[in-house]
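Below are structures written as C-alpha cells.
There are two complexes below, and they share subunit A, which is joined by subunit B in the first and by subunit C in the second.
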Partner chain A sequence: MVKVSAPAKWTLRLLAVGYVFFLVAWPTGLLAYRTFEDGLSSVLDTFQEPDVQAALKLTAEVAIIAVVINLVFGVTISILLVRYEFPGKRALSAMVDVPLSVSPVVVGLALVLVYNGRDGWFGPGLEENGVIVIFNTPGLVMATCFVALPLVIREVVPTLHEIGDDQEQAARSLGANAPQTFWRITLPSIKWAVVYGVVLSLARSVGEFGAVKVVSSNLRGKDLTATLMVENKYQNFAQEQAYAIAFLLVLISIACLVVVALLRPKTDD
Partner chain B sequence: MSIDITGVTKRFGDFVALDDVNVSIPTGQLTALLGPSGGGKSTLLRIIAGLDKADAGTISIEGQDATKLPPQKRNVGFVFQHYAVFKHMSVAKNVAFGLEIRKRPKAEVKQRVEELLGLVHLSQFSARMPSQLSGGQRQRMALARALAVEPTVLLLDEPFGALDAKVRKELRDWLRRLHDEVHVTTVFVTHDQEEALEVADEIVVINEGRVEQIGSPEQLYDEPANDFVMRFLGEVTELDGKIVRPHDVDVALQPAAPGGTPATVTRVLRVGFEVKLTVTTDAGQDVVVTMTRSHMRSLGVEEGSKVSLTVAPGAVAVPATGGVPTTLDETPAAAAG
Partner chain C sequence: MSTALSGATIDTARPASPQGRRPGRAKRSTPRNTLTPGAGLGLGIAMLWFSLLVLLPLSAIVATAAAGGWENYVQVLQNDQTWAALKLTVTQAVIVTLINIVMGTVIAWVLVRDKFPGKAILNVIIDVPFALPTIVAGLVLLALYGPNSPIGINWAFTPNAVLLAFAFVTLPFIVRTVQPVLEELEADVEEAAASLGANRFTIFRRIILPSLVPAIFAGAALSFARAISEFGSLVLLSGSRPFETEVVSVRVLSFIENGSYASAAALASVMLAVALFVIVVLDIVQRWVAHRG
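Right, the complex of A and B next:
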C-alpha cells in the first residue's frame, strides 16, 4: 500500500464519501423520504392498482426471460472467445461491447426499423406468421436482451482467462468429453463470475428505459414496464406514485447486490 | 515398444518446435525427455497425450495407432507442471474424477481412491480442498488422480518444476520408488539433467526440436554423441582444444612432466567436499578443475600456485569445434610424440 500522509488520507476519504453521497446516497434517501411522506398506506394503495401490478408483472417477465437468454448466450460466447480460435473472432469480441457504447434509444429505434409490421425487414414476414415483435412483449425482451448482453460476458471472460485451461486439459486427459468437461469443470470454476454477471444483468434489465420506450406501444396495462410506468405517473402529476414505484426498483437493485455480496465467499478462488 | 513416435513434426507459425522426431519408448520403464527450455520436449509429450496435434508423423501406443485419437480415448495419465487440480473438488473427488467419468460403481471408486491416497501418503487429507495442500502434496494428488484410471502410459510435464529444491529432491526419489512399485510406462519431461540422471532408466536428449541422443544415464554421461549432449549432461571445461569434464583434468605442481599446459591457479572455491579450481593457462584461457579436498591437500596446490594441466588418460573428450567425441587412451605426451 502506498503511504499517504494523514491529512491527504482524510481529504481523499472526504472526496470519495462526498462523491458517493451527493450522487447516490442523497438522491436515493430523498426518494425514500418523499415516497413515505404521506404514510405507508398511500404507498400500498399504489401497488394495488391493476395497471401498476401489470407493469411490475411485465417487468418481471421481460427481465427474467432476458436474463436467461443472456446467461445461455453469454456463457457460450465467453467460452468461444477464450478457448477457441476462429475467423472473425476479434470482430465478435468488439461487437460484444457495442451495446454498452450505443445509446439504448438507438437500439430501440433499430429494432423498430427491422421488425415493425409495416415496412421492416423481417416484421411483415413475422407478423404473417402470427409473431408480432414491435409494440409487443417480444420486442421488449429483445431490447432488454441487447442492452444487458455484455454484462455476463464481461464478467466471465476475464475469469476464464485467469483460471486457464489446465483444469480442462486435465479433465480431457482423464477421459472426460466436451459436455462432461463443461458441466463438471468449466462451469463450477466460473460459478461466481456467472452469478455476478446474472445479477448485474437482472439489475440492468429491470432498470432499462430508453430502448423499451421506443419499442413499446406505451399502452397502460399492456406494454408499460415498471420504468415506463414511473415516467407515465410522473408526467400525469402522480409524483408520489412515481416515487413509490421508483423506490421499489431501487430496493430490487440493492437486494441483488446484497445477495451477491453475501453469497460470494470471503476468499477469492 | 510401449510408445512409437515416427516422423513427428510440429510448427508454431515459423518456429519449428519438432523436426522429424523418431523415438521408441520402452514398456514399463521410466524415460526422461531431457533438454533446454523451448527445445520441444513438452510439445512432444503433449502430442503423445493428444493435447496437441502434430503437423506430420504418427504416434502409436501399445501397438495401436493413436495419432487421430482424442486424449480421452488414449488412456494416458497426464501430470501438469502446475498441478491442474480441480479447485472446487476435495482431494478424494479429484482422485475419483476419472473413475466417475467412466461410471464405475460407487463402492469400487471409493476403494480405489483409498488405495491410491494410501500409495501417495495423502490418506489423511482425503476430505480437504486442494487449496489447503502444499505444492508437493498437490502434485502427489495429481499423480494419484492420473493413476486412478490405470493408464497405459503415465506422462509428467516438468512435474517438480514449480516446487522448491528440497521438495523437488524428495519427490524425485519418491517418483522412482513409486515407479518401482507400480511399473507403469512413465515418460517425464525435465530440463534438469541431475534429475534425469538420477531418476530415469533411459534418457532422450532433445534440443531445438531434434533428438540428440538416446541412452541410459551412464551411456549419455560416458559416451556423449556430440558436444551439446556433453555440455548439457554435466559441467565441462576446455583444455588443449578439447571439451572435458572438470574432474578429468590432472593438476601437477611445476616443474612437471613435459606435454602439460602451464597455468596458474587463480581461484579456489570449496563446494561441499569438493574443491573447484579456476586455473588460468599462460595463454590466458580459464580452465575449471574439480577435485576432492584431500587430493588438493596432497598435491600441495593453492591459490597462486604454478601448475601444469593435462587431460586424464581414459577421459571422454569432444573436440571443441564440434564433431565426434573420442576417448583418450594415451597420454597427450605419447600422442604428440
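Right, the complex of A and C next:
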C-alpha cells in the first residue's frame, strides 16, 4: 500500500477532523450544552407540559404504526423481489427506491393532492365515510411511511441474496409449507437485517419533518409531532423548550446509530 | 455503514455472467412468472398499498401540473421569486457538491488509510447528519453559526446558511460511497506501480483515483439530489427570505399554503424530474461499473 508522506498525512487528517468537528461535532455538542445551560429542572419542566407530552405521544404512535407497516410491507416486497420472477419486477425494484430521492415537501403535496377532503382524488369520498386523512393522524402515518419506505427493503434484499435459497428448498422438500418455511428458515436468517432496517426506519420516522408539516394542520395538541413542536416552540421564542425537545430527538437518533453500530461490526471487519 | 439512509447502494453490483453476457438482458429475453398463489396475493396487496401511498400521489402531482397546461409552467417558472429560489438552490447545491467531492474523498481516505486514536468516533459522527431530524439539524447549526455564536459567526438568514445546511445534510454521501471502494482496493497494484518507479502523486492520480471516480460520482449525484430537495434544516436557519434565502422546497410549501396546488405541482414536478434524472444516471453508472468490473 502506498505510503503518504508525514506532512501530507497530517494535513489530510487535520482537514478531515477539522471539517467534521466544525460542521457536525461542535454544533451538536453546543446544542447539548445550551439545553442544560439553565439546569436540568427547566428541561424536565418542558416535558411536563401537556402540549409537549401530546406531541411526543403522537410522534411515538405515528412512528410505531409506520414502522410496523413498513416492516410487513418491506419484508414481503423483499422476498417477492429476491425469490420470485414476475413481469415488472425490475420496474418495481427501481420504484421502491423513489421515496429516498423525493423532497419531503413534494411527498406532502402528493398526499394532499390525492387525500385532501376538498378536491382530492379520494379525499371527499373517504371523508363521507368518516375517514379524514389530511390534517389528521392517518395523513401523518402515510407521510411517515412514504419517506421511510425503502429502508427495510434495502437491508433485507442484499441479505436474502447472500443466504441463497438452499435451506428453503430443503425445508420445502421435507414437506414444510410456505408459512413454516418463512417463520422457521427465512426469518431467522434475515433477522439482523430486519432489526437493522427497523432501527433505521424508526430513526427516520421519529425525525420526519417536511412531509409531516405539509399534511399536518400544525395545531397544538391536535396533530403536532415532536419535530413540528421544535419549530413551533422556537418560532414562538420558547427557545429553551425547543432545545429540550430537540435534545431528546438527538438522543433518540444517536441511540439508533449506536444500536446500528453495535449490530454491524461483524460485516465491517 | 449506513448506506441505507444515504441511498448509496441502489443495486448491489452483480458479477457478469460467465458467458460475458449482461445478466439483465439474458433475464429479459425469458420473462418468467414463478409466483405461487400465496405469493401472488402478497404481491397484489403490497402493490395496492404501494399504489395508494406512492404511485397515485406522485401521479397526482404530474396530472395536476399537466392539467394547468404549458402556460402554468411558464407562469410559475417565470415568476421572479421562484426563479430566484431555483437559482439559489441550484448554485448552492453545486457548490456543496464540489466541496463534498473534495472533503468526502479526503474523509474517506483518512477513515480507511490513516490510523489515529478517535478514528472510530469520527466514523460514527459522519452518520450523525443522516440520523438527526432535519429540523434539529437546523437548530444545531444555529447554535454555532447563529446569533449567539461563541465564535462570532452569524450566518443565520444569509445565503451562507443555505450552504451550511446543505453541507451538513449531505456530508455522509460521498464518504459512505467512496469508503467501501477504497477498502476493497488491492494494495499490490499500488506496490507494483511504486516498484516500477511511480511516485506517490502518480500512483494516486493513475491508480487510485480512476477506481474511485464512479463512487465519487455516485455520491456526488446523491448529495446534489439531496441538497436541491432539502427543506427541514433550512426552516429555522435561513429564515426563507424571498429573493435572498428562499429555496425551491420552501417555495413549493408557500404555494401549498396559499392553496395554489397547480403552481405547487408544476414546481414539484420539476423537482421530481430532477430526482428521476439522478436515479437514471446512477443506474447507468452502476451498470457500467458492474459491466466493466
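Just so it is clear, the second predicted complex is superposed on the first by the 237 of 269 C-alpha atoms of A that agree within 3 Å, B and C clash if a C-alpha of one lies under 4 Å from a C-alpha of the other, contacts with A are read in each partner's own complex, and residues count from 1 in each chain.
One rule holds in what follows: a residue touches a chain if its C-beta (ideal position, glycine included) is under 8 Å from a C-beta of that chain, and two chains touch if they have at least 3 such contacts.
Since the model is a prediction, treat every value here as computed from it, not as a measurement.
With both complexes brought onto subunit A, simultaneous placement of subunit B and subunit C is permitted, the two fitting side by side without a clash. When the two complexes are overlaid on their common chain A, residue A:185 makes contact with subunit B while staying clear of subunit C.
By the touch criterion stated above, A:5 is placed in contact with subunit C alone, subunit B being left untouched. Once the two structures are overlaid, the count of subunit A residues touched is higher for C than for its counterpart among subunit B and subunit C. With both structures placed on the common chain, the touch criterion links A:172 to subunit B but leaves subunit C unconnected.
After overlaying the two complexes on the shared chain, residue contacts for A:110 are found with subunit C alone; subunit B is out of touch.
Centred on subunit A, the angle reaching out to subunit B and subunit C in the chain A superposition, using CA centres, is 80 degrees in steps of 10. In the superposed model, A:34 makes contact with subunit C only, not with subunit B.
Between subunit B and subunit C in the chain A overlay, the least Cα distance found is 6 Å. Interface residues of subunit C, counted against subunit A in their complex, comprise 1-5, 7, 9-12, 24, 31-36, 38-39, 42-43, 45-47, 49-50, 53-58, 60-61, 64, 103, 106-107, 109-111, 113-114, 116, 122, 124-129, 131-136, 139-141, 143-145, 150, 164, 167-168, 171, 187, 190-191, 193-194, 200, 203-204, 208, 225, 228-232, 235-236, 248-250, 252-253, 256, 261, 264-265, 268, 271-272, 275-276, 278-279, 283.
Subunit A makes touch with subunit B in their complex at residues 166-167, 169-177, 180, 184-185, 188-189, 191, 269. Remark: subunit B residues 49-51, 70-72, 75-78, 80, 82, 84-88, 97-98, 101-102, 142, 145-146, 148-149 touch subunit A in the complex. Against subunit C, the residues of subunit A that register as touching in their complex are 1-5, 9, 12-13, 15-17, 19-20, 22-28, 30-31, 34, 69, 73, 76-77, 79-80, 83-87, 90, 92-115, 121, 142, 145-146, 149-151, 154-155, 158, 161, 178, 196-197, 200, 203-204, 206-210, 213-214, 227-228, 230-231, 234-235, 242-243, 246, 249-250, 253-254, 256-258, 260-261, 264, 268.
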